[in-house]
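As written, the chain order gives the labels A, B, C and D, with residue 1 at the start of each chain.
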Amino acid sequence: MLDRFAGKHHTVPVMNIEQARILRVEELTTEYRTIVLDCPSIAAEAEPGQFVHLLIPNLQEATLRRPFSIFKVDNQTLSLLYKIVGRGTHAMSLLEKGGMINLMGPLGNGFPMPDKDAVPVLVAGGYGVAPLSFLAERLGRPGTVFVGGATSDDILCMGEFEKLNWEIHIATENGSAGEKGLVTDIFDAWLEERKNQGGHEIYACGPDGMLKAICERAVKHGWRGWISLDKHMGCGVGACLACVQKLKMDDGTVERVRVCRDGPVFEAGRIIWN
Amino acid sequence: MLDRFAGKHHTVPVMNIEQARILRVEELTTEYRTIVLDCPSIAAEAEPGQFVHLLIPNLQEATLRRPFSIFKVDNQTLSLLYKIVGRGTHAMSLLEKGGMINLMGPLGNGFPMPDKDAVPVLVAGGYGVAPLSFLAERLGRPGTVFVGGATSDDILCMGEFEKLNWEIHIATENGSAGEKGLVTDIFDAWLEERKNQGGHEIYACGPDGMLKAICERAVKHGWRGWISLDKHMGCGVGACLACVQKLKMDDGTVERVRVCRDGPVFEAGRIIWN
Amino acid sequence: MNKIPDMSVDLCGIHMKNPVMVASGTFGYGPEYADLIDLNILGAIVVKGISAEPWAGNELPRMVEVRSGLVNAIGLQNPGVRRFALEYMPFLRRYDTPVIVNAWGRSVQEYEEVVARLNDVEGIAGIELNISCPNIKEGGISFGANPESAAKVISAARKRTSLPLIPKLPPSVSDIGALAKVVEESGADAISLINTIPAMVIDVATRRPVLANIVGGLSGPAIHPVAVKLVWETWKAVKIPVIGMGGITVALDAIELMIAGALAVAVGTANFTDPSVSVKIIKGIEEYLKQQNMRCVRDLTGSLKN
Amino acid sequence: MNKIPDMSVDLCGIHMKNPVMVASGTFGYGPEYADLIDLNILGAIVVKGISAEPWAGNELPRMVEVRSGLVNAIGLQNPGVRRFALEYMPFLRRYDTPVIVNAWGRSVQEYEEVVARLNDVEGIAGIELNISCPNIKEGGISFGANPESAAKVISAARKRTSLPLIPKLPPSVSDIGALAKVVEESGADAISLINTIPAMVIDVATRRPVLANIVGGLSGPAIHPVAVKLVWETWKAVKIPVIGMGGITVALDAIELMIAGALAVAVGTANFTDPSVSVKIIKGIEEYLKQQNMRCVRDLTGSLKN
């Protein structure tokens, strides 16, 4: 089955459909929100890098769910961190505490844990910080995190990383937080001093341009890297082939695999960018 | 223009589109509700028998408005009385005080006033009482009202008629209020004693079966009668021809006229029932 | 750079202030919406389908709401050319907005007749020929269903009028480009599409069709992506202008159809939901042109980048 | 009187527990939804379209949501018959649910090839022949677009298999009844319809098509009234059973298609919205039969009263 190409490990996803109560909604900035759900069966299974597929109840004329990374798990509850970008996320932002929402999950394969001697290096762009913050929490040991965005408003979850004693590097395009520039710029500067060292394992989630750049760095320096891709999705479970990505297979062939089921996390070296 | 066939009088409707605030919602019975709207421009023009065309804001995937008779007008406010019968009226019942709703109106031609010596006789079935109650209020003198329904839950607005000193006759199919039977039964009994008298003018609104029976009585006894018809509507203004009714014209020909614009009130003798 | 863009279009000789018309059958003959919107703002008014003689249309029910659309089977009720000219044209002539008359027949002869009669009416800017009507002589399949019968009707109509002739194509054909080419060669000045898509609704409680006519036509937002595709195929196939319609509800829907190839657009079902929608769409297109730094609405037509 | 109604149907030799299948391309090859619903509950599973050889499909984007529907241009990506048989059939054979394989080609020869290969695979209950694919030999118009090319493909495929052969018709034809008749005469055992309606979406911000393939197919609730009409026309035209699909989202949608003439139905796009929808629809049909005091689901087929 296509599922065999998922990468280092292959979890057989145990997914659920759950009708969850909204416990809390929070406005982080004008564009970013969190939503906390009472969602025991999905929370119990969730791993960093996996996602849920949300049916937005007040979205008119909709046929498709929306995918969101799992941001936090606390016992029975599940949090998502999202950015308002279109009509679905806008409708989501109008949901109120106490309402119900239907979600499927956990979906896809999460991030493999790093080798026990390796330093985890996370690179996040915008809402890509959501699964990486969850990963940091589950890792149990600190590492280095790079976070980028257009302005300081796009730099999220820094409190979480601080609490866990991570080394934090920030870049914003307008310089309103951290260095002025792209996250890849500060990553490159940092990398320059370490490129011949091993012992690092990269995890990245964010916009395609950033992911592609990180992939190139990882491959070039022979570092192991895990990339979480963001593709428009239909079914979310591997049935519709809306979300495919070209991947190098073990036998050298190239195949279009499903980001929702075979990913969303792939080994950096396998991804073929257009 | 087709408009010339409206009946006794012809008002050139002055219609508005208004975004109205919901001032109050009230549950009369499990099925019947009222909704009170802050709607000055429509309220100012409204006459009994006219209707508004409502865009139900929380109705998913809708393309059509829903027509409702004007039930009460009080200064700047407009009340509607409605029954939950389908998905639109169900969505309406979930609307809350403070929300906004878009409506067009007043639409159509209202009831002509009776000759000044005639006794007004109203016959109402179910929510058909809404425009007739408004008429009673505007008439300034009492008359006789017949009200019918399946059970006592369908008998509404009796307080209003009592306050205005109307003679009230009630029939319900299960006998839970008034006489057991159809409203036409009690109407017939009453009529039997008066059929050779003139001086009455009938106004009826309710289900088609009832209206047809009342029409027949009026024609047979040569009483003048005004019937408010209930047809499924598209545009509500005469543009789509979804709501036509066969009507006898002055020149003896039969024409399909528009209930929304040429009606909804027609002279009993002109209506051709299938 | 925020100059007011040029919104005018010249549609085969019909000068329009802007590319937004109201679609036939959804706007009556003009007076119905005149209280609610200023008819002078519209690009053009396309009136309800007219036949040579009066026609009673179908029994009720004639319309039913479906998800993101409605299905109608009005059955082309109309007062015929004579009464239309007498009762409505004087009103319509008062406005500075071109009037396009939608015309239909059930045989080639009836089409010739209605076009000939309309040709003599003062104040008509063009004739939109509805060729989605069943051909009663040849088994009831619509004239537009195949290129041959479409050509026959259009060539015959062409001989009877010098007014711009705009055949309106049905959407359920397997090769709209081939049909459009034949329509162009038969003498059409422009093409309009799409008409409603044949559809049907059944009341499961009674197991009866909801519409008295059993079948009807689907319109509204549901059909918009189908309209975009068919307008694009038509635009690629012909040189004459295309009028796009089908499910336009917001300005972006109209803009999409224009990018796909429409020089003008028509708003139908959305008038029922919001009578002022066409005015909002005109403003929305203007806004879009400003945002995109485009000077002229005509530059939108067929501007799809591949 | 509230006995459990008989829900089984015999579809040209395929015994189904109930008339509800899942539509090709919306349910993968089976395992994808197996965690979420019990595949044994389904009437049948129709797997994603398979070609003789593997096929890579279109570039991304492949899918876009529209009002009450979606437009897709997956481009028929599939691993070919050999890998399908190897990787998925062992899984599917574990279930007590008939497997219908959707098959396609770009020439008559490719259709023959895929059917011949599928005929040798163990555990296949029937072949649904997708004839909405462009005919690459004859200008890219789909095989199903006209009766002649449809007949060619079906006759050729017929010779290569004794399995039930179920051509799947495209919706955009002017006379579906005539097409269906030819399909029946060419040796089809049943007919399924409707496939998606050709459609297109443009991103007005960039003026580019949203889908990499430019055009795609519209599915979902938006097309349901169109499906009801086409199923009804097909049912009137042929004697072989009809499988109805298009926009089924709730049980009433399925019941409508059955009243219009479908013996079985398939649920497509709605699986994306709610993976358990087919199970709910099966229950809903059962409820309906009880309410209507009907003993047998087969009595629904073509029960439209005029």
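Everything below uses one rule, namely that a contact is a pair of C-beta atoms (placed from the backbone, for glycine too) under 8 Å apart; a residue touches a chain by one contact, two chains touch by 3 or more.
Everything numeric here is computed off the predicted structure, so don't read it as measured data.
Visitor: What are the mutual neighbours of chain A and chain C in this structure?
Guide: B, D
Visitor: Can you check which chain pair, A-B or A-D, has more C-beta pairs in contact?
Guide: Between the two chain pairs, A-D has more contacting C-beta pairs.
Visitor: Farthest chain from chain D, comparing Cα centres?
Guide: B
Visitor: How many angstrom lie between the centres of chain C and chain D, each centre taken as the mean Cα position?
Guide: Whole-Å distance between the two chain centres: 33.
Visitor: When the centre of a chain is set as the mean of its C-alpha atoms, what distance in Å lies between chain A and chain B?
Guide: Centres of chain A and chain B (C-alpha means) sit 59 Å apart.
Visitor: Using CA atom averages as chain centres, what separation in Å is found between chain B and chain D?
Guide: Here chain B and chain D have centroids separated by 48 Å.
Visitor: From the mean C-alpha coordinate of chain A to that of chain D, what's the distance rounded to whole Å?
Guide: So the centre of chain A lies 35 Å away from the centre of chain D.
Visitor: Two-or-more-chain contact residues of chain A, please, as numbers and ranges.
Guide: In chain A, 61 touch at least two other chains.
Visitor: Pull out every residue in chain D that's touching 2 or more other chains.
Guide: 67-69, 221
Visitor: Which of the residues in chain B come into contact with chain A in the complex?
Guide: Residues in contact with chain A: 60-61.
Visitor: In their shared complex, at which residues does chain B touch chain C?
Guide: Residues in contact with chain C: 1-3, 13-17, 55, 61-65, 102, 104, 231-232, 234-244, 256, 261, 274.
Visitor: Using the touch definition from the top, list the residues of chain C that touch chain B in their complex.
Guide: Against chain B, chain C makes touches at 25-28, 31-33, 35-36, 48, 56-57, 59-65, 67-70, 72, 74, 77, 79, 87-88, 220-221, 269-276.
Visitor: For the complex, give me every residue of chain D touching chain C.
Guide: 66-69, 71, 141-142, 145-146, 170-175, 197-202, 204, 206-209, 214-215, 218, 221-226, 228-230, 232, 247, 252, 255-256, 259-260, 288, 303-306
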